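What follows is a pair of complexes built around subunit A, which joins subunit B in one and subunit C in the other.
Coming up: the complex of A and B.
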């Protein structure tokens, strides 16, 4: 039993509760938040791979002490290998995802502590609870445990928006909750139908039941469960029809909050997408639907990004559009495309966080986010301008930065799979993404400064610049050495195909 | 404005035929144009993928997309208006998507 696996979830929860308890003591909040935020990316690097069974209840096949007292009709059946406890699975892919999530969380928390006048224990509580929830979603092999943390993640996201004090944030938070009240119960209904048909909430056992004929794979209730779980997945990740509310959520949060929220969405998409693929990949229609919805996400979101005038809304729509690339990787369904899609997820989480924090420096200086009222910021913040420009190049897929490698892999996988149309659309959307970014960059940094634009804060905090440089270093490393990430992902991709 | 004018303007607004009151900047115009071209070209390329199901369906869909493009242009301002932050609009599309998913997954899969 590896105690570090549950600690990856328990530590941020415990930290969150303590931060809430001591929220009036600013120094305590800052020290505790920084210490735990540093630990978040370190723990997955030092933890060993393996499974963790809560309560120590391993399957009967691994527990001969209990098994020897049981009748043979139990020990010779599938019950012998079923998992009685909530199981957390920590393998190479989870190591990479939780490390990247921890890194983004650390940098977002560092930025929030340096940019806000008074450190808020309650705000930090929400951030840590969100990180804990998404970490649990990535680790869990129990679909009901996943739903519990899915709901916690949704509520913390709502809290992060409400804490931002941006105009219209309460309304957006309420709309997100109302839409969640449609999607989340349907996700739960899908899980309940799966439980009813298979008798299991453990995903490995559900997959075993379907593959070994214990349940009829073409059972209409199972197909309905597939549709409902996919609907919940659309809500959690921000794919259409939830793309408008997701981009609104990003625009109403503070930039460092938005950086963390988009990481939550990306890793929820990855975790739930992998689970849907594991259980329902035998249905050809499921993959067709994932491709269709991913294309819709790309086309609708990236075209809408071109029409926006709020810089956070532009990045928000681009972030949702980039999710389409990940979905295409999963939908094409080959080992190479799944590796490429998961690599794109890692890259996109980093780049979008980089862009939110980068453009967030402008919002920090001017308290303005409408690009029609901005300009001339290249003279005010030349270093930040250069870093933001590099982030934009990264998002567009310019070598030697990271998204180039993942997008190239995705295009190659679409060609190998005999669907060149997807490759054409991906290239077209990358060009339009760059065009959109350059529109925002020109409006904010390059054109002359409007006379009525006031600079409210003179200096950008060093911690913010440090965060941006760390993101840039990660982008360059993954761009020059993509195998640093893909080596972690290939095992998972190959296991999904078998 | 008389009551009659108010009613007519409201109907025009619902039909999408009302005139924008704000001046249009060149950045907005070029963004809308770029978005329009992107939308149509990506839709046309995506529709070609229907060849995996049926060539006849693909041809019909391509002709339909071209016809919509010719007769319904400009599409982007309407698409932007539809994808606003209105809760009613979002719930409508969510329920519509749920209905499509339920139909496709239940009846579509039974015949695949």
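Coming up: the complex of A and C.
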């Protein structure tokens, strides 16, 4: 048992509850939020790898004292190796994902506290609860536990939109909840079908049951469960047909909130995608479906981004489009492509957060997010403009920044797998992404300032610039030394294709 | 004709889910939409409870005087019931947030028509 594994979830939950309790005491909120936010990326770095059983019950095979008193029809069957407790699994890939999630959360919370005049305990509560939920989604090996935290993450996302007080936020929040209230029960129904046919909610045990012939892999109930769980996955990650509402959700949050929300979506996509791959990768249509939906996400979202005029909506659509690259990595289904897809997930979470916080400086200075009403910001905020430009280059996959490495790996994997068409589409989509970004960048920074644009006479907070510089440093490090990340991911990728 | 309890429950669960999806997608009134969404969640909960049902089984409580050889083969499966308890709590909190949002939107728009408020 490693106590730091549950601490990764318990600490942000405890902090969130305390922040809610002391939400009127601004100084307490700030100190508590900063201290815990600093701890978020540190804990996964110092925790040891291993399993944690909630309730302390390891499988009977590891518990001879309990097993001795049980009838032989239990101890001599597969029940002997099944996991009776909720199991959290912490391996090298989880270390990297939770570290990146913690880093984004720390920088988003830091930016939030520095940009708002009065620190909101409720807003910070929602941010920490979301981080706890997504961390649990990444750690858990129990599919029902995943569903519970999936729902908590969805409600905190709605809470962050509501607390952002942006015009139209309530309408978007309700739309997101209505869609979620259809998708989440269907995900639960899929989990129930898996439970019904395998008798288990532990993912490792479900995989064991299917791969060792304890259940018929071609059973129609299992295939229905696959469809329902994939539907929940599409909702949680914002892949089509949920790409429109997901980008609307990002646009109705404050920039630092949107930075965190997109990280939630990316890591939910990764966690659920890995589970779907583990359980259903034997089905030939599952991989084809993942490729098809990923291509749809890329093409629909990136082309829709071209038509938008709200800067947060543009980044939102680009973020959803970039999710398609991750899906392609999973869908191609080789160890190399899965490593590339997971690496792209890490890169995308960082770059999109970088862009949201970067363009957020403009919204902070002008209270405006419509690019038709903006211009001339290069003179007002030259440092932020340079950083945003570099973030845009990173998203488009320009060397030596991080997404170049992951996109190159994805293109190589499509060629290795004998599907060069996917590589061509990925290159074309990167070009369109760059065009879309440049359209927004030109409109905001490079064209002359409109006469009626009012600019606040306040400097961009140093914490915001610090956050952007940290993101840039991470982008450069991962761009120059991709093995820093891929070494953490290869073990997971290899285990998925066995 | 006597219908088996489990089959009847599965049928009811399926009906609730279908009626709920229809209401959520096609009814314009937001309150009725939310009732439809509650139907979907309830249908799924009923489905899970029904899975745990065991004809002729005993309640999964290990009573004094009972041996493990009597209990283990006859007790109904407790996991679905435990899951449903959690699911009900999640459903209630989601429902509360949705109804709260509808109250705010009603005050803002003076209507609870989805076509007016959500622009459907």
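Throughout what follows, the second predicted complex is superposed on the first by the 497 of 498 C-alpha atoms of A that agree within 3 Å, B and C clash if a C-alpha of one lies under 4 Å from a C-alpha of the other, contacts with A are read in each partner's own complex, and residues count from 1 in each chain.
Simple rule for what comes next: a residue touches a chain if its C-beta (ideal position, glycine included) is under 8 Å from a C-beta of that chain, and two chains touch if they have at least 3 such contacts.
Note that the structure is a prediction, hence the values are computed from the model and not measured.
Colleague: A:196 contacts which: subunit B (first), subunit C (second), both, neither?
Modeller: The answer is second: A:196 touches subunit C but not subunit B.
Colleague: Looking at the overlay, what does A:234 touch: subunit B (first), subunit C (second), both, or neither?
Modeller: First partner only.
Colleague: Quick check for you: in the superposed arrangement, does A:119 touch first (subunit B), second (subunit C), both or neither?
Modeller: A:119 sits against neither subunit B nor subunit C.
Colleague: Could you look at A:289 and tell me whether it touches subunit B, subunit C, both or neither (first, second, both, neither)?
Modeller: The answer is first: A:289 touches subunit B but not subunit C.
Colleague: In the overlay, answer first, second, both or neither for which of subunit B and subunit C A:178 touches.
Modeller: A:178 contacts both subunit B and subunit C.
Colleague: Quick one: is A:429 in contact with subunit B, with subunit C, with both, or with neither? Answer first, second, both or neither.
Modeller: first
Colleague: Would you mind checking which one, subunit B or subunit C, touches more residues on subunit A?
Modeller: Residues of subunit A touched, subunit B against subunit C: more for B.
Colleague: Quick one: is A:306 in contact with subunit B, with subunit C, with both, or with neither? Answer first, second, both or neither.
Modeller: Only subunit B is touched by A:306; subunit C is not.
Colleague: Using the superposition on chain A described above, determine whether A:220 touches subunit B (first), subunit C (second), both, or neither.
Modeller: Touch partner of A:220: subunit B, not subunit C.
Colleague: If I apply the document's touch criterion, which positions on subunit A are contacted by subunit B in one structure and by subunit C in the other?
Modeller: 175, 178, 182, 186
Colleague: Going by the contact rule set out above, which residues of subunit C touch subunit A in the complex?
Modeller: 17, 21, 24-25, 30, 33-34, 37, 40-41, 43-44, 47-48, 51, 68-69, 72-73, 77, 79-80, 83, 86-87, 90, 93-94, 97-98, 101-102, 104-105, 108, 117-119
Colleague: Provide the residue numbers of subunit A that touch subunit B in the complex, in ascending order.
Modeller: Within the complex, subunit A touches subunit B at residues 172, 175, 178-179, 182-183, 186, 218, 220, 223-224, 226-228, 230-231, 234, 240-245, 248, 283-285, 289, 295, 298-300, 302-304, 306-307, 309, 372, 419, 421-422, 424-425, 428-429, 432, 435, 439, 443.
Colleague: Under the touch definition given earlier, write down the residues of subunit B that touch subunit A in their complex.
Modeller: It comes out as residues 25, 27-28, 31-32, 34-35, 38-39, 41-43, 45-46, 48-49, 76, 79-80, 83-85, 87, 90-91, 93-98, 101-102, 104-106, 108-110, 112.
Colleague: In the complex, go through subunit A and note every residue touching subunit C.
Modeller: 69-71, 73-74, 144, 148, 151, 155, 158-159, 162, 170-171, 173-175, 177-178, 180-182, 184-186, 188-189, 192, 195-196, 199, 201
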